[in-house]
Amino acid sequence: DCPLVVIAGPCQLESLDHAQMIAGRMAEACRAAGAQYVFKASYDKANRTSLAGRRGLGMDEGLKILGAIREMGMPVLTDVHSEDQARAAAQVADVIQIPAFLSRQTDLLLAAGNSGAAVNIKKGQFLAPWDMENVAAKVASTGNERILLTERGVSFGYNTLVTDMRGLPVMARTGWPVIMDATHSVQQPGGQGGSSGGQREFAPVMARAAVSLGIAGVFIETHEDPDNAPSDGPNMIPLDKMPALIQSLMAFDRLAKADPLRV
Amino acid sequence: DCPLVVIAGPCQLESLDHAQMIAGRMAEACRAAGAQYVFKASYDKANRTSLAGRRGLGMDEGLKILGAIREMGMPVLTDVHSEDQARAAAQVADVIQIPAFLSRQTDLLLAAGNSGAAVNIKKGQFLAPWDMENVAAKVASTGNERILLTERGVSFGYNTLVTDMRGLPVMARTGWPVIMDATHSVQQPGGQGGSSGGQREFAPVMARAAVSLGIAGVFIETHEDPDNAPSDGPNMIPLDKMPALIQSLMAFDRLAKADPLRV
Amino acid sequence: DCPLVVIAGPCQLESLDHAQMIAGRMAEACRAAGAQYVFKASYDKANRTSLAGRRGLGMDEGLKILGAIREMGMPVLTDVHSEDQARAAAQVADVIQIPAFLSRQTDLLLAAGNSGAAVNIKKGQFLAPWDMENVAAKVASTGNERILLTERGVSFGYNTLVTDMRGLPVMARTGWPVIMDATHSVQQPGGQGGSSGGQREFAPVMARAAVSLGIAGVFIETHEDPDNAPSDGPNMIPLDKMPALIQSLMAFDRLAKADPLRV
Amino acid sequence: DCPLVVIAGPCQLESLDHAQMIAGRMAEACRAAGAQYVFKASYDKANRTSLAGRRGLGMDEGLKILGAIREMGMPVLTDVHSEDQARAAAQVADVIQIPAFLSRQTDLLLAAGNSGAAVNIKKGQFLAPWDMENVAAKVASTGNERILLTERGVSFGYNTLVTDMRGLPVMARTGWPVIMDATHSVQQPGGQGGSSGGQREFAPVMARAAVSLGIAGVFIETHEDPDNAPSDGPNMIPLDKMPALIQSLMAFDRLAKADPLRV
C-alpha cells in the first residue's frame, strides 16, 4: 500500500500566480509529511446554485495555468463537463474528474475513459456506494484502467449531506483506489439560498476518519482566505492549516496501512 | 385554472409505429376525459444504470418520429442532454426537458432557455423544492417564460426515492406550473443491480395525491407491455390501464381546482 | 367504506372549559360536514424536547376532563406512556394511543391491547410502513381487534420529517384502518432548539393528499390561538379554520371512496 | 484523556455461566490491550421487532447475574425501560442505559438521573446530534453528573441506519464523554421482516473511524456464536475476534489522543 495521496488546491482557478502559490505551498507540505501530492483546481464551475455565482476563468485560460503547474513537477487534476472538455483537458491534466452530478452520464464517462488521462469519478449524491461498480465499469469498458472513486457524501434530507464510512470499503471492493473528499462532504448544498453553505470545521473530522480506514487518498479544497474565495468558501480549509493537517493524516495513514481492515 | 395536462408516452422511442400507436391511444383517452395531452418519449437514455442498458434510437431517427407525432396534432416533449441537443430538439419538440441529474448544469439550462421551446425541468433527486427557484431563474434569465417544474422524488436512503407532497406547493410559489412525475417517483434507482427497479402499483397513488393538490399536470410513462419494455419497465403503467386512470384523475382535478389550497 | 373519521383537539388539555369549547366547536363542524368526530387531547406530554417544555395537567385531572367530554356524547382518544396509564386511561377513553417513539415497546402494546379500549398506534419516525404489521400484531395477540394505524412522518435528515404517501396503502394492507396525522407530519422535531418547530400551512396539504387516497381518518391538532398554545403551536391549525377544512376534506373523501384505489 | 473504554458483552443475558465466560474473556482482552472494560448485557429486550423475538431472562434473574459479574471486579452496564427498572437496576449496575427509542422519555431520564448510577443515553435514531444537549440536560437536572452519550446511527431511508461522524464531536461539545456503538450502528432495523438484520463486517469500520476521532469509548456486542444468539446475531462480533480488534483500536486511540482534533 502506497502512502496517502493528497489531491488539493483551490475550488476554482483564479490566476496563474495564485495557482502557483497554492501548488508550491501544498507540494512543500506534502513533501515534508511524506504524502503524494496532486494539484486540483477547476477552470469552470458549471453547476453553481444560482446564476449569480462566479464560474471561473474558462477552459482555455484554465488549461494554460494547469499546464504551467504541471511544469512545476506535480500531477494535476481538473474536472470536465462534456465530451469535448474531456478530450481537451486530458491534453494537460494527468487526472480528469467527473463531477458528482454527472456521474451517471454514460457518454461523458466513455469520453473520459477514452481520453488517455486517469479518471476520478465523484460518487453522485444520489448514489449508493455499490452503484459505483456499474459507473466505473462504463469507464473501464474503454480499456482505461486508471480509475479513482471518490466519496463526497450522500443526500440526507434537504440541503444536507452525510458520509457513510461503510461506503469506503464497499467502493474499495471494486478494486479501484478510493478517495475521500473531505471538503465537499461537509457542504450544505444550496444551504445559503443562492449558494451552498458548509462546515469547514468538520473537514478534518471526515478526512481523519476516512484515512484511518486505509483509503488511497484524500481530496481537500484549500484557499489562503476561504471567506473571500469565489466559490465553496464555507467548506474550504485555510491554506495555513494544511501542513499540520497533512502531517496528522499521515500518522493515521501509516497506522491504517500497517493494520489493514478486512471487510 | 386549466384542466390537467397529461404528459405521457413510452420511456424510450422504439419505432414510428409504436410511437403512433401509443400517441393515438393516449390522445383518445385524454380527449374522452377532458385532459390536455402532450406526447412524451426519449430518443436517448443517456444515464442508464449500467452500460448494458439499451439507450434508444438516437437523436436523428428519434426527432423524425417526434416530428411525425406532432403532425398528428399534439404537442411533443423530449429530454435533452447537451447544448447541441437542446437546439436540435427544439426544432421539433414543443417542450424540451432537462433530466433531473442535469438540473444544475447552467449551460444546458441556458441553451434550453434560448432554444425557443418550452422547458420542463425535472427536480434533481438531490435538491430541495425551494432550490428550484434558482434553477428556474437560470432558464428565465434568457427571457424564456415557458417553464415547467417537475417533481420526481428525492433521495431517501440508498436506492430509494420519496416524494414530499409539500414540495408541490413550494415549487408552485415560483409561479411556474408544477408537474408530478408519477412513474419516476416510484423508481428504485439502481435497485436491481444493473438497472433500476420500480413500484408501478404506486404510480396511481402518487398521481392522485398530487392532482388533489391542484397541480398543473402529471407525467406518466406507459407501455403496452411494460415487463418487456427496453427501460423503466418496473415503473411504467400498462397502456390499457391509462384511460381509467386519467378519467379518475380528472375527477380529482376538477374538485381540486374548484377548491384551491392556499399555502 | 365509512365517512372520514376526524380525530381532533388541542395538543394538550388545558382546562375543562377549554376542552369543552374545542370539543363543541369541532363536533359541530364535523356534524355539519358529515364526518365522524373523535375528541383528542393529551394529559401529559411525556417526551418534550427539553425539560422546560410544559407537560400538562397530569393523568388524574386529565382523565376527569376526558370523562366530561365523553359525556357530551362523543368518543375520546388520549395517549398513554406506560402499562399503568394504559389501564387507567382505558377506563375513560374509547381509544388509547401509543406515541410514535413508543411504538416498539412490547409491554406497552400488550397492555394497551388488554385494556379493552381501541388502540391507535402512531408509526415511529424510525419505522417503515411495512414494519407496522409486526407492531399491530403485538396488540392483536391480546385478542383486541380494534386497532388503528397512524402515519405521522418518517425521519428525513435532521430535524425534519417527510411523509411517504405510499405508506398509507402499505399500512392498509394489514387490514386495520389507517389514519393520517396531518399536524405532526409537518413538525420539525427539535427544530427550534428547545422545542419543535412546524409548518402549520402544510397540514391541509398532507390531509388532502392522504384523504384523496381513501384513508379511514385524519388526525389534526387544533387550538384557538396556536401561537400561544403550551405545545405544538407551530403545527396546530387555528380552530376557526377547521370547519372549512373539514368541509373540503369530506368532498375529497366522498370522491375517493366512490373510486377506491387498488394497490 | 483516558484510554479507551470498551463496553462489551452479549446482547442479552443467557445464563450465569455464559455471562462469566464472556466477561472473563473480554476483561482479559482489554487488560492485554490497555483498555478499560465495562461488561454489558440486557436482562430484557423490550422492543423486539416482532412478538416472536426472544426477550431474555427477566429483571430478577438478570440483575443477580449482573451482580455476580460485578463481583469479578469489573463495572457492569445494563439498559432499563421504566422508572421502576431504573431504580432496581441501579442497585446492581454501575451504569444504567437509556435505550435509543426511549431517549426522549422525560420521566425515565429523570428516574435514571436520580438512581445514583451513571447514565448512558443512546441517541435516538430520530434525533440530531445537537438534540442530545437537551436530552442530557434532563438527566443533569437531577444533579447526576455521570452521563455518557452514545451514537448508534440515525434513520436513513427505510430499514437502514447511517452514522454521521460529525455527530461525535458535536455531542462532545456538551462536555459529556461520547461512546460509539459499533454494532447497533450497522443494524438494519426490521430488515429481516420479523427481526432486524445487520452488517457485522462493518462494525470494526465504524469502531475504528470513531476511535480515530478521539472518543471516550466504544460499545460492541459480542457472542461466541452470533449466528445462534437469541438477538442481534447479524451485527454482533464473534468473541474470538475481539482481542485483535481491541488491540487494533487501542493503537488508534493512542494516536488520536496524542493528536486531538479541535472542532
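As written, the chains take the letters A, B, C and D, and residue 1 is the first residue of each chain.
Following the convention adopted for this analysis, a residue touches a chain if its C-beta (ideal position, glycine included) is under 8 Å from a C-beta of that chain, and two chains touch if they have at least 3 such contacts.
Note that the coordinates shown come from a computational prediction; the quantities given were computed from them, not determined experimentally.
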Selected pair, out of A-D, B-D or A-C, that shares over half of its residue contact pairs with B-C: A-D
Pair of chains joined by more contacts [C-beta pairs], C-D or A-D: C-D
Centre distance in Å when chain B and chain D are each reduced to the mean of their C-alpha atoms: 48
Chain centre separation in whole Å, for chain D relative to chain C (CA means): 33
Centre-to-centre distance between chain D and chain A (centres being mean Cα positions), rounded to whole Å: 36
Chain A: positions in contact with at least two other chains: 154, 156, 158, 162
Contacting residues of chain D [partner chain B, same complex]: 156-158, 160, 162
Residue numbers on chain A that touch chain B, as the complex places them: 46-51, 55, 81-82, 101-102, 104-107, 124-128, 130-131, 134, 137-138, 141, 154-155, 158-159, 189-190, 193-194
Chain D partner contacts - residues on chain A that touch it in the complex: 154, 156, 162-166, 168-169, 186, 199, 201-202, 204-206, 208-213, 248, 251-252, 255, 259, 261, 263
